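In the two complexes that follow, chain A is the common piece, with chain B as its partner first and chain C second.
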Partner chain A sequence: MEIKLVFLWTDMLIYLLLLSAIGFAVYSIRFEHLRSPWRQVAHNRLAMVAGFVLFCYIIIGLCDSIHFQERAADEKGQIVKDSQGGIIYKPDVLSVLDILVTSIRENTEDSYSAPLATHSYSMKNITLPDGKQIRTYAKLKYEGKHLFGTDKVGMDVFYRALKGIRTGIVIGTLTTLIMLPFAIMTGIMAGYFKGWVDDLIQYIYTTLSSIPGVLLIASAILMLQVYMDTHADRFENIIIRADTRLFFLCVILGVSSWTGLCRILRGETLKLMEMEYVQASMALGVGHFKILLKHIIPNIMHIVLISVVLDFSGLVLAEAVLSYVGVGVDPTMESWGNMINAARLELAREPIVWWNLAAAFILMFGLVLSANLFADAVRDAFDPRLRTK
Partner chain B sequence: MKMNNDPLLSVKDLRTCFRTTNGLARAVDGISFDIPAGKTLALVGESGCGKSVTALSIMRLIQEPAGYIAGDRIIFQGQDLLKLSKRKMREIRGNRISMIFQEPMTSLNPVMTIGEQIMEVIQLHRGLSKKEALGLAVEMLNQVKIPDPAIRISEYPHQLSGGMKQRVMIAIALSCEPDLLIADEPTTSLDVTVQAQILMLMKELQQKEGTAILLITHDIAVVYEVADYITVMYAGRAIEQAKRSRFFRHACHPYTTRLFESLPSMDKRNEQLSTIPGRVPDPTRYPEGCRFADRCHLAFDRCNKEDPKMRFIEKGHSIACHLENAPAISTATATITRKTEGRATYTSSPLVSVKDLKIYYPIRKGLLKSIVGHVKAVDGIDISIGQGETLALVGESGCGKTTMGRGILRLIDITCGTIHFNNIDIMHISGSKLRRLRKDMQIMFQDPYGSLNPRMMVNQIISEGLISQGIGGNKKERDNIVKELMDQVGLDPGMIHRYPHEFSGGQRQRIGIARFLAVKPKFVVCDEVTSALDVSVQAQILNLLKTLQQREDLSYLFITHNLSVVTYIADLVAVMYLGKIVERGTIREVFDTPGHPYTQALLAASPCIGEDGRKKIFLEGEVPSPVNPPEGCHFHPRCPKVMPGCRKVYPGQYSLSETHSTRCWLYE
Partner chain C sequence: MHTYIIRRILYAIPILIGINIITFILFFVINTPDQMARLHLGMKRVTPEAIEKWKEDHNYHLPIFWNGSESGIKKITQTIFYQKSAGLFIFRFGKSDEGRDIAHEITQRMWPSLAIAIPTFIIGLMVNITVSLFIAFVRGSYLDMVTMIWCVIIMSISGLFYIIGGQFLFGKILNLVPISGYDSGISVFKFVVLPVLIGVIGGIGSGVRWYRTIFLEEIGKDYIRTARAKGLTETRVLFKHALKNALIPILTGVVVVIPQLFMGSLVMEAFFGIPGLGSYTIDAIRSQDFGIVRAMVFLGAMLYIIGLILTDICYSWVDPRIRFE
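Up next, the complex of A and B:
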């Protein structure tokens, strides 16, 4: 089967992040002061369980971040070509995860069914073979195979929740990736150069942080939406459209959240500048860039690491809230926020449909809890005050 | 004072252990001592030998469950403190036994007024009404000689100076008229003139109230001033106990004698200080025999096999040593032998010459941050240092010595003045030229923990200067230079790939020395380099600095508050007070015939062994804030010889000899 890989913005950034994480790990192994805290994390049983759960989520997210299109084929399996003999691809973009869970993805029912149910959730008119019509709970096509039931159009809820993992992880990590270089650079520049540089940076972040975050995000997303509607031709298909919106959501979340870290780093740099080893290297005639690189950055890295891990769970939750409000990810995109948003109506009907909400809740809870537990262990390991030796 | 035969506190074979990841740490391992009522016992020793843990054990303040007292008995006024219930113990704490700590900044609660803090203790233990307690609190402040106690009582800790805070701590400790006061390094963080005031106060109060004092200190000179009995601690044990009169003449444990010999002083100027090699053994792994054996210069076979017991060598003097006739110290009886100055001073063209150096910090206020005044940290200073000379800059904290040291190297911005280094005007050269010149002038710092980047390995730290100055071609060459340097400063070159936290304080200072030596400087600013170290380690570092000076013909600007270090290492001395140099001259001139009243007071205040009949000059108050220095001579509010003219104009410089000058109206 011939396929064409589709490179989405967020996919590429995710893999860039993965590469830099591997790079950091390789770098850490060489240095004892970076290696020993991780060893301490590895000795913490709870952290390792949380880490394992987190690892599973990440693997699912990564699988869901390799996208491709299959070549279009007719009913007989013959490859279809367009009038000039060019290649035609199917309009729907799939991911590796979709292939791995094909059975769940394609086992669709007609409408709602409760978790692990054998019959549909509402009564239907069924024509019996003898021509009689009865109104009853129809047998499902795939009895007892829907872990979290199915939604209104018969899609498996578990599948939708699995697809939500990627959205959550993208928001949680890319946002930090986007804001991190900016926060580190401005933070240490403000602390190191002081004077007017410090004044300028402080002015910018005080202004930014006094704009209500939701307002900033809503207006940015609305502007993007208008742009996408007027330039519809620039977006090949619906997936790319949704991805662009997700990417911009990350950017705007990053812009509104770098100020906190920047402020902490500025303070820390000011503190480090008074350290005698920084003064000693100034006395040795070491240049600014080298001092920043050798003395300042390695000594603020633990703060960066801690804040990245702590911010992650906050951002995953923020996505849910923003999507619920309607300024989050694209409504067509699978995300926990959208699932919760849809569940609003389902909870209002009688009998209520609760499994959409429950599935989103359980998966989100698992991710955030394991991220928090892991973050706690990482923070404790890197905190010099708690260091046993 | 009534005396009965039972001592007030009798500690018998006290043992305190801590569970650590490396095993059981026996921080205090069988110490016994008695304190008679109304007397002072000093517990002396280097850091890490269990002094503070002993004090905390008596108070039963050991953090459980990590630590526990396995000890035998602590008999206080006839009852065993270790057998009391927690509630009973609380009644004794702060009431019958109270404690003052080293750091007055953190021992007081910043959100309570000092009055509330004193009254809290009084009301708790004495059951007085609020009004009575207030009256008593005012009286207590009066007793510790805080001026205007009725006004001061409603002030918060940040409104008081360090010395005042320590007085408040003493007032709190004494407010319930305890029978025993435990003072854990009570004057270590204070300036000498303030230290003298506090020690005097403690002595006076002791005579008046009959309080016994357990004084914990590392400073033998302080012990000489106040103690009646002395116990020397080493590795969790007492190794020598004696009365003061006997101790300072006949102390004879090899450790004690070595400690005395490692104290720097003027008499030892032309010799190396004796040092104690190695370090205090790890409390989790004490050696089998004598714990001092591997560092002892007199150790013999038996010392490594058999643990010496405390034995009396005379009435009231016991040691834990196998030596039958251990040689006693000679310091206390030594008369000052005058040696001629070895070095001619004031060479014709000085290496460093500073003229009218001023470093002001603007004080900004208001919405527009307009400048409303200046902190004159350094206010018009001239100094010059010749090749191979050591100039000591002496003064109390806040007088601007550190700012001065960094200003000379242009590590901080200078308001005005000229600095010539090797006849190059470094005030007016470009940044890149200055950066190249930096290899000739270096700095070394006080804090052995803060001066090395914890994230860099030793070879990276030492080779930093090599890289920035382009010395040594590739990494291998540089590593060889680093190894050579480590060897020079007495570090094992095999430890090149270790991180700073794996070294002791003294070793870290050696790394600091290797770092500046790497670029082969001509001039080094040594900023309080030994004040964080124990005396025996201090001696090692001073020896090293002196040897290096002779070999490399280095010039030092030695910034310190420790006068005995100055007499040992410096050729010239300049005394600073509030941003100005008040007196300068050769060591002999300044220390033998001090001209300025401040210098006289400083010399008198610093505790000194073997000078009993010395007249003490007690300065009132503390160094005023440099934001608002007093009109006229800055010293006049504290000066015992103040004249009306002093209040108006700052005195000019008056020469007492070719090299000796002072700024005081007395010499007009």
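Up next, the complex of A and C:
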């Protein structure tokens, strides 16, 4: 089977993030002061369970971040070529996760069915072999195979919820990744250089943080929407459109969450500047760059790490709310917010269709809870004020 | 102190101008007047004359930031930027796409928003402080641990779940309150009670955790040890000494959000069909009414800045040690 890899922006950034996380891990093994907090996390049983769940989610998210297109083939399995003999690929972009869960992806029914049900949700007219017509609950094609039932068009709900994992993780991590370099740079500069640099940076973050977050996101997304409509030719297919919007959403969320970290880092740098070792190196005539690199940055990294892990769960939850408001990820994208939004009115049906909502909420709850528990353990281990051992 | 407050208020002006520039860039530079005209007139079969006419009518024929063809002060005033944002500073928000006056809408819709936001805020604050004070009293016990785990669980559930679940349970199954809607007069109570309850429950997890940290930090301080050494009972130490001093960080953390209660809650109001500012904003976002969104951005930013100034004033009021230079 010949395939063509599709590189999406968010995919590449996710793997860049993975690489830098591995790099950070390799770096911290060399230093005892970085190893010991992690050891403390490892001794916390609850945190390790949470970490394992988180790890599973991340693996699923990573599998879902390798996209490709298959060669188009006709019914007999012959590869189709276009008139010039060029290669044609199927229009739908698949991911590695799609291949791993092919069975649940392709087991579709006609319409709604309850979790693990054997018969369909609504009555249908069925013609019996002897020609009689009866109205009954039809047997499903895949009885009891749907862990969370199927949705309106017969898609497996569990599959859709699994696809939502990637969106949640991308929003939770990329947002921080995008804003991090900027936040560290401005925060340190404001605290280190003081004077007009400090005034300017303070002005910028006060201005940005005073705009209500949802409204900033909404206006930015609206603008992107208009831009995409007027430049439709630049976005060749729906996946790229959705991906651009997801990426843009991360950038905007990053802009609004950048201010908080920047403020904290500024304060911390101001505090560090009063430390004897910084004063000493200044008196000895060490250059700005070297002081920043050797003395300031290593001493604020624990704050950066804590804020990264603490922000994650909030961002995953924010995605659902934003998608509900209509300024979240693209409506065609699989995400928990879109699932909840689409399933909201299903509770009014009789008998009620609850499994769409349940699947989205349960998977989201699992991710956010484990992220929260893990983040708490990391914070307790890295925050020097809380460190006991 | 007075000079400090005046300075803070003056300092707010460049920030508001900055916000205006940001929203202006977002709305007008990326989305040029030509495109806006086309959007309003319909995408197809628009003559260039019709676009020019629309721009003329809506003052969009002017240059964006700097009008070189005019003289004197008009170089600045005869521009799209000035025409579209100067009015915001005196609360002239202009008209929405439907032709209604935005400022009038805002004064009308403010009250339902406040009817939800103020009770949620006050009850939430009281519940959070009570629970966290009690938890601080029994700190280190089994009860403390169980409550903290519950706080994390409550925090980890999406806010949408509380709303959808609450509507389903109380509105549909138990039939205690109407699912959504709003009314004037005394009957407003039955529409308000569920959103308030959900708002309080949704905020309890992070609130209790936050206040508990503050209380525990306070309990670790020297004056508490002194109070204990004097032979005061633990209850007295906690409820009289610790509570009073812990109120300083709580107060200063809380004051900043008070002005923003006006803005209402976007999601809550949309779900419960409450005609407040939150649902106004959400409708504007959905119908792409830029006039309303800009007005709300400006209003929200201004309320935030007012909150910051109030925080500073409160700081020096509750803690006289703090003096502003």
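To be clear about the criterion, the second predicted complex is superposed on the first by the 387 of 389 C-alpha atoms of A that agree within 3 Å, B and C clash if a C-alpha of one lies under 4 Å from a C-alpha of the other, contacts with A are read in each partner's own complex, and residues count from 1 in each chain.
Assume contacts are C-beta pairs under 8 Å (C-beta built on N, C-alpha and C of every residue); 3 or more make two chains touch, one makes a residue touch a chain.
Worth saying up front: this structure is predicted, and the values here are computed from it rather than measured.
Enquirer: Scan A:219 for contacts with chain B and chain C and give back first, second, both or neither.
Expert: Second partner only.
Enquirer: If we overlay the two complexes on their shared chain A, which of chain B and chain C does A:317 touch? Say first, second, both or neither.
Expert: After superposing on A, A:317 lies in contact with chain C but is clear of chain B.
Enquirer: Between chain B (first) and chain C (second), which does A:373 come into contact with in this model arrangement: first, second, both, or neither?
Expert: A:373 sits against chain C, while chain B stays out of touch.
Enquirer: Where does A:20 make contact in the superposed view: on chain B (first), on chain C (second), on both, or on neither?
Expert: In the superposition, A:20 touches no partner, neither chain B nor chain C.
Enquirer: Just checking: does A:285 make contact with chain B only, chain C only, both, or neither of them? Give me first, second, both or neither.
Expert: first
Enquirer: I want to verify the contact counts: of chain B and chain C, which reaches more residues of chain A?
Expert: C
Enquirer: Kindly list the residues of chain A that each of chain B and chain C touches, one partner per complex.
Expert: none
Enquirer: List the residues on chain B that touch chain A in their complex, please.
Expert: Result: residues 21, 406, 409, 411, 434-439, 441-443, 445-447, 450-456, 460-461, 464-465, 467-469, 499, 512, 515-516, 519 of chain B touch chain A.
Enquirer: Where on chain A is chain C touching in the complex?
Expert: Within the complex, chain A contacts chain C at residues 203-204, 206-212, 214-216, 218-220, 222-223, 226-227, 230, 313, 317, 320-321, 324-327, 336, 340, 344, 347, 357, 361, 364-365, 368-369, 372-373, 376.
Enquirer: How about chain C: which of its residues touch chain A in the complex?
Expert: Against chain A, chain C makes touches at 14-15, 18-19, 22-23, 26-27, 30-31, 35, 39, 152-153, 155-161, 164, 168, 172, 260, 263, 266-267, 270, 281-282, 285-286, 288, 290, 293, 296-297, 300-301, 304-305, 308.
Enquirer: Taking the complex as given, what residues does chain A use to touch chain B?
Expert: 31-33, 275-277, 279-287, 290, 294-295, 298-299, 388-389
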